[in-house]
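Would you mind keeping the following structure in view while I ask a few things?
The letters A, B, C, D and E name the chains in turn, as written, and every chain counts its residues from 1.
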Amino acid sequence: MSLNPILMIAVPLFVAFSIPLLGYIHKKAGLYAMSATLLFNTFLSFSTLPHAFEKPIRVIIAGYKPPFGINLAITPFSIFLACLISLMGFIVSIYLLKDETTETQEKFSMLILLVVMGATGIVLTGDIFNMFVFLEIMSISSYALTSIRKDRKGSEAGIKFLLVGSISSTFLLLGIAIIYNQLGTLNMADIARRFSQMNPKLAFAAVSFLFLGLGIESEMFPLNAWAPDVYQGAPAPVAALFSAVTVKAGLYAMIRFLYTISNNSSFIKLLMLFGIATVIVSELSALKQTDVKRMLGYSSLGQIGVILFAVGIGTKTALEGAVFHFVNHAVLKATMFLSIGLLAKYAGGSSFEELKGIGKKYPFLAGVFAIGALGVMGFPPLNGFMSKLMILTAAAKAEHVVLVMLVLAASVVEGFYYFRVLQVMFREPEPTRIEKRSVSLAFVIPLVVLVGMIVGIGLFPGVLMPYFKGAAMDILSRGDYISVMLSGGGAL
Amino acid sequence: MCTDNPGVWEYIANWARKHSIWVLAYGTGCGAIEMPPTMTSRYDAERFGLRGAATPRQADLLIISGYLATKTLKRVIRTYEQMYDPKYVLALGSCTINGGMYWDSYNTIKKLDLYIPVDVYVAGCMPRPEAIIEGIIALQKRIEEGRAEGAKKYRENIEWYKKNQREVFGDEMLPDYTWNFEGGI
Amino acid sequence: MIGPHNIVLIPVVIGILAYFAGKLVRPVREGLTLLSSLFVCYVVLFKAGLNTIGIYTYNFSLPQYFDGFRFGNNGFSWYFAVIIAFSYLFVSLASFPLVKDKEYHGSFYLFFNIVAGALLGIVYSRDLVSFFIFWEIMTWSSYFLVVMNPNTKGKTGLTYIVFNVAGAYAMLTAMLIVYSYAGSFHFDRVVKAVSLMTNSTVFFISLLFAIGFLVKMATMPLHIWAPDAYTESEDSFTPFFSGTLSKMGVYGFILFFGMLIGFVNIKGVYEIKDTSLIGYIVAWLGVVTSVFATFRAIVQDEIKRLLAYSSIAQVGYIVTAMAVGTALGVAGALYHALIHSVIKLLLFITVAGVIYRTGKNKFSELGGLITRMPLSYLAVLFGIIGLAGMPPFGGFASKWVIYMSLIKNHYYFLLIGMIVSSTAAFLYCYKLIYGIFLGHPSSQGLMEVKEVPGFLWVPQIVLMMVLMLTGFFPGYIVPFIETAMKGIGFSVAFNSTSAYTLSAALGGFNGFVVINVLGAIFVFVFVWYTLFFPKSKRLHRLDIYWAAETPDENTPLHYGYGIGAELDRIPWVGMSLRTHITRFYEKTGEQISGIASVLKDVVFNGDGQIYMLYAILTLVSIFLLMGR
Amino acid sequence: MSTGMRIVDIIAYPFIAFLIGMLYMGIARNIIGRIHRRWGPPVLQNLIDVFKLYRKREAGSHGVMFHLGPIIMVTGVVTCLYFIPMLSDGRWLKGFSFDGDLILVTYLMVLGALGMALGVGQGGVPFGVMGVTRGLTRLIGLEIPYFIAIIVLMAHYNTASINKIIELQAGGLSNWAMFKVPLAFIASLFSFWGMMGASPFDIPGAPQEVASGPATEFGGKYLALMMSSRGIFGFLKLTLWVDLFMGGAANLLILVGKTFVLFVTVLFVTSVYSRFKVEQAVDFMWRYPTIIGLIALVIEMVR
Amino acid sequence: MSYLEELKVKIENMFSPEKCYFPKENLLSFLVSNSEVRGALSYLKDVEGFKHFVMLSCVDWLEEGKFELVYIVWHPEKKVNAMVKTKIDREKAEFQSLHDMWRQICTYEREIWEMFGVNFIGHPRLEPFILEDWKDMPPMRRDFDTLHYVNEHYEWREGREESYKPRDYIGEAFDEWRKK
């Protein structure tokens, strides 16, 4: 392992702040730098992946050993997510090369880098406060990204995101403060080890505060009201990034906290119930939407609800399904948002009227959107099906038959509104007011790659299966996480 | 087998035709009111094998019962042409013979057999049922002797009939598909 | 090499290939589809034939609980595979001329091939997940074919997808429950697990499976999607749709209720007249469907809608026959499934040809085509004789078996219900052939119409031969049915010896003697009438008895198409025509969208303060709920 | 029973039915005449009518199907006749009844009518189509009580073959099906009157309304064929009812006797009742005869 | 003073009819100008109660060159008839159609149109009624010579020449015969 995983955070940070300088050399240099760093990040994470799967790696920064110094805890689950985040970030960055909505490239690419760096940081860090810091970096840069276009909808969404985000960070801070004054340490493994010694009332308070803070970040039912506005307000590539990256980081934090740190089973059951509620509410409210981007926001909430439900079940197969659904959700939502972004740009808006008959004018883009839709609905040859099936089989094994029926009913509703959009796109007569413009290569490559991933994973799920098994084992085995992190595994 | 030579087979056929005459239920004039009494209990024409037939295709006997306006004549000719070969016409009342009471009317025809071949005329300004049965018996005798060949007569001098008809109808003639055919199954 | 396990891939791969290759040179699509259908027929008949009983397992290195897809073949799946393969061949042949110049030419062949592949997958799959996968693929690819021609209502597609997906998910829930008991999806493990289940779970599972399959077979309460979907789907796909797709419901029903769950287990739950409660209810649903759908079919003016309702009614017979679960009943269901798919293929292909040629699809606009389209007339004539169940052709044999099964097991009232609908079927059969071919042409254009395109002649003639074959030798199919029944573990039902006769419980009949007597008399009378009588005159079209008037060219003489107008004056029938179940579904639809709009306004109402309020409220509720 | 005798037996089968059928129709017209206090036609009148129609010199046809219509009608009726045994004992006049059963006979009865309907269709006369529609709608009404009756029979004797039913009824008046399942017999009688085209149910061919319905466009030789098939059909139904409910007939004389008794019941109904409308006919048939049939069925199921 | 005399008085001062007299017992007849016909009839129908429309006929006054249209109505309770007459020009014979008051007037007007050639304005269906494909002048007019038409179009049966002249036996010839 030639490079130290810490570079995954260090390099984006360094480049992010050097982008304004690069702006003088060449106007577009910032963008190319951004995608270069993200490519480096992906390469680095994929190279450390096999090592981390053998034995979790503990990276010491500045010589202080835990529980004192800040260190990175690279466990199979975290490195897997890091790969996913950086890969998605890289794909979105290619898309951004040609996207002209970014009025000043430096600020935009810097923010993107910060978001990806924040997410990677959350995923890799072993220190709870460090996670909070990365969370702050990520959310602040995503507030800025939401209102990057300075149009009415964008800025309004940004403000709402800011308000709710600040609530979530205050709760997080409160929780961490309680833990810190009780246990005196900030290292996750150490907290996990001595969590039971805390005074039960305060422990409960800390867990509920953190549960709530992370709940907002991972778009749980009562707390996710901000998400649809943000997905609609933010420009399409940004929305794709959010659904692929930021939410994943939030979910990782929630899982890491509930399973390894507090291991509080009643909260896990609560998470399951909230998951189901998210699925039902978001699918139903998507029914009445007339704007496709907002509808996609709701359906992404629905998918996250399914993930939360799977995590909430807690059995090994459920977690494997959850991790599989992580990947699928990221890939599918990225495809859908990117393709709808382009379609909206060419059709001049993303509501049903504007998109009438667009399928005949831009068959490729609408086709990609259709494949994404089929995948999200979980139709067999595509990837959504296998992960949903694994989650449902796990739920059935855990005797939650009623909940399984609820999820399936919700996906029937989902089928209804997705096919309604497809019918609007493909069956209406060709719109005369939209003239056909050629789609530039930078947009086509990411979409082709994403579609390749959808169909590939769908047909051969076995390829990724060992990674899901490893990640699920890592989440469940709380004991050896603590032992490795404290006793110093691969000392670096 | 069905050649027209008056062999034994034809004799039996004529016997059958004599005893089973189907009357077309088509009252053209004031005589139509005489038909029910001839068919019901008192006079009972069914004894002679008479029976009502709903359509010209099934009928053998066409009874013209009274004066014929040109308008009705057109329908009568079409019906007559739709009937099948051994077909007979029984004309009741003096109006069919020589125009009768309407002898100088611009609208009624004066001589029926100018337009369709008539087998038996029954005079009377509407003959009573006994007279009608008398006419039918006379018709049966003609059939038995094989002289009731109205269809053949119509077929052979069709031009003459059509000329007379054109005189009355002018150029508003009936379509000619009801009388000139080619073969076919 | 090619066997039951990977026969699925051929049509699917060729479908995708055809779509893209067709973009360069258009006729490649027809060629490839024909090639694939011929190859599939060859494989089904010879390679994956009766004798190749084998289990092939694939596991894509999936997690250990999911031990791979299994494919296999036995008499039962072979029986349905033959139906699928040949209908695939005939419909692809028929679709070549009909879809040639349509703009959705490419996507038609793509989805048509995928559907055919999915059906083969369903028939050959030996484990629940692969069964469900191919069931889902069938659903969404047939959805695209339903929605394809642009001049249809959008609502049809949506109702189709909602019903079928809901049915599929009901089936999925039942599969998952079975899996949670059996620990594996493979059929043999499932059979063992079901026998250990408690009564209530068996009842619940069979209810869910029943819903899944009844939706596909369009039985009464769940049939809303069927008439519109059959009528508005692409003309050349409808034969496949109604002829073969509904038979998948039959296959699934018999497979799950016959072999997997086993009628004996269901019977153990709640028994009524020595059959299971569910079976009895479903049987009654079948009867009610056939009666209602038959009367609905009679009053239709659109040709395809009439045939749609008639297929719902005929499948209703199959449902009744197999639901009661007797050996003879299932045999009758299998026999009628074959006959019905042959008839529906024949009728829908011919009707598609007629619509293609005349451009009209209503009875009131057609008429008098017998002189212009003699072969189509013969095809529809054979079709309606089969549909009405008349003796010389196969339709009678299969109906006879169903009647025998119902009488033998004392389900007399079920039988009376079936009699009502099968007698009323004569009306819509006559309306079908009169409306299109007999009577007077309702517009002059119909007189210049040519015969249906050449490609359609092959399926028409072959299907007519099949109908004749099953009619003259009713016993010929019996050995195949018996191997199929053994495939699902049923005992032998028939006791007919030779291919000529068909005899079961209470009696029997000799199809060969029937046709000989009919033929002899017909020939005798025909010869006597044509030679020994005066040649009859060829009357002109308008030389008819018209109460002494003279009809001219444009007097409307074709009002025979209005058959069924007097039905709503008959008290019972009128009432059945007026009751509509669609109102119930529309109300539920409105309820759901009502809830959705309430949710949207309450939860996502768009201003930040409310979101913050929700966050705090959840915190408080967690404290109250969870705090000890 | 050498093959020669068998051939004669088979050829004679339809002609016997034709003659007796025509005789009955002639007698019917005479009796109705007498009821109307008039002489009425001679008994052989129908035969003369048919012979006259056969000897008609002309006939018109609208096409091949029109020509085939009456031929199919006769074929259907005669085939159905062959599957009903006329005599119960001995080897004569059994037709092919061993190769078919009750359900086959029921469907063959309708085959002729459907073939005829096709011919009427090509005839192109709207009256014809209206007649056919009314016929088929009336059929829905008639078929139900008939089928309930034969279900009761099949359940009672546990067989569907007519010959076996006759055998089981052998031995004296008491165990005729007429008395064994009386209600079923009554229900089937109603549908018997209907199928005979007797007066309350003769709406399809009503001369005043639809100009003799299906037979409107058929003249000459075709009408002859139709009249003879109607005669055979009448006799066919009579023998079927005798076989099913009156224990079959040992020889021709008993057959004529029993069928005549049954035929007289038709006459009483015909000459008294006026014509039903189509929906009244179906409604009537689904009301009283069906209820009687269902009661018989319930009794049968209980037994 | 029977009901009819009262009516006569009322009519005289309302419509100033040219002639108003009782042609026979319980029948009042009056001649009014063209424009007053509709008024008179509606008065009789709605106010007086002459609900039943008996018939409409046309009299051909050849010498005066006039057609006389006669509308006869009947009072069901009082059991009396009223006759409204009007004279229209013979050459340019046209009159307003009253079919909206009673529907059956249509048929009468149609027949008069066919037989006399009076054109009724606003009539829904003026087409040949009894005389299909009639090419000649309206036959009921007095200047139409039926005998000439019959001789021209029809052919007499031979042997039917009048064995006696019917006109000889009418009028003075008949008295003479009776005297003998």
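A few points about this structure:
The rule is simple: a contact is a pair of C-beta atoms (placed from the backbone, for glycine too) under 8 Å apart; a residue touches a chain by one contact, two chains touch by 3 or more.
The shown structure was predicted, so the numbers you read here are calculated from the model rather than taken from an experiment.
Touching subunit A and subunit B at once are the following chains: C. The minimum number of touch steps separating subunit A from subunit C is 1. Traced through touching neighbours, the fewest hops from subunit B to subunit E number 1.
A centroid comparison over C-alpha atoms places A as the chain most distant from subunit D. Of all chain pairs, the one joined by the greatest number of contacting C-beta pairs is C-D. Of all chains, the one whose mean C-alpha position sits at the greatest distance from that of subunit B is A. Centre-to-centre separation of subunit B and subunit C, using mean CA positions: 59 Å. The geometric centre of subunit C is 73 Å away from that of subunit E, both derived from CA atoms. Chain centres here are Cα means. That of subunit A falls 80 Å from that of subunit D.
Shared interface positions of subunit D, defined as residues touching 2 or more other chains, are 57-61, 67, 211, 216-217, 220. Multi-chain contact residues of subunit C (touching two or more other chains) are listed as 530, 533-534, 536-539, 543, 545. Annotation for subunit E: no residues touch 2 or more other chains. The complete set of chain-chain contacts reads A-C, B-C, B-D, B-E, C-D.
Touching subunit B in their complex are the following residues of subunit D: 29, 33, 36-42, 45, 48-49, 51-52, 55-61, 64, 67, 207, 211-212, 215-220, 223. The residues of subunit A lying in touch with subunit C in their complex are 159-160, 163-164, 167-168, 171, 200, 204, 208-209, 211-212, 215-216, 222-223, 225-226, 228-229, 266-267, 270, 281, 284-285, 287-289, 317, 320, 374, 379-381, 385, 389-390, 392-393, 395-397, 399, 401, 404-405, 408-409, 411-413, 415-416, 419-420, 423, 426-427, 429, 460-463, 465, 468-469.
By the touch criterion given at the top, residues 57-63, 65, 67-68, 71-72, 74-76, 78-79, 82-83, 96, 99-104, 107-108, 110-111, 114, 117-118, 121-127, 129-130, 132-134, 136-137, 139-140, 143-144, 147-148, 151, 154-155, 158-161, 211, 216-217, 220-222, 225, 278-279, 282-283, 286, 297, 301 of subunit D touch subunit C in their complex. Put simply, subunit E touches subunit B in their complex at residues 130-133, 135-136, 139, 144, 146-147, 149-150, 153-157, 160. Touching subunit A in their complex are the following residues of subunit C: 59-63, 65-66, 129, 132-134, 136-137, 140, 143, 147, 150, 154, 157-158, 161-162, 165-166, 169, 172-173, 176-177, 179-180, 592-593, 595-597, 599-600, 603-612, 614-615, 617-619, 622-623, 626-628.
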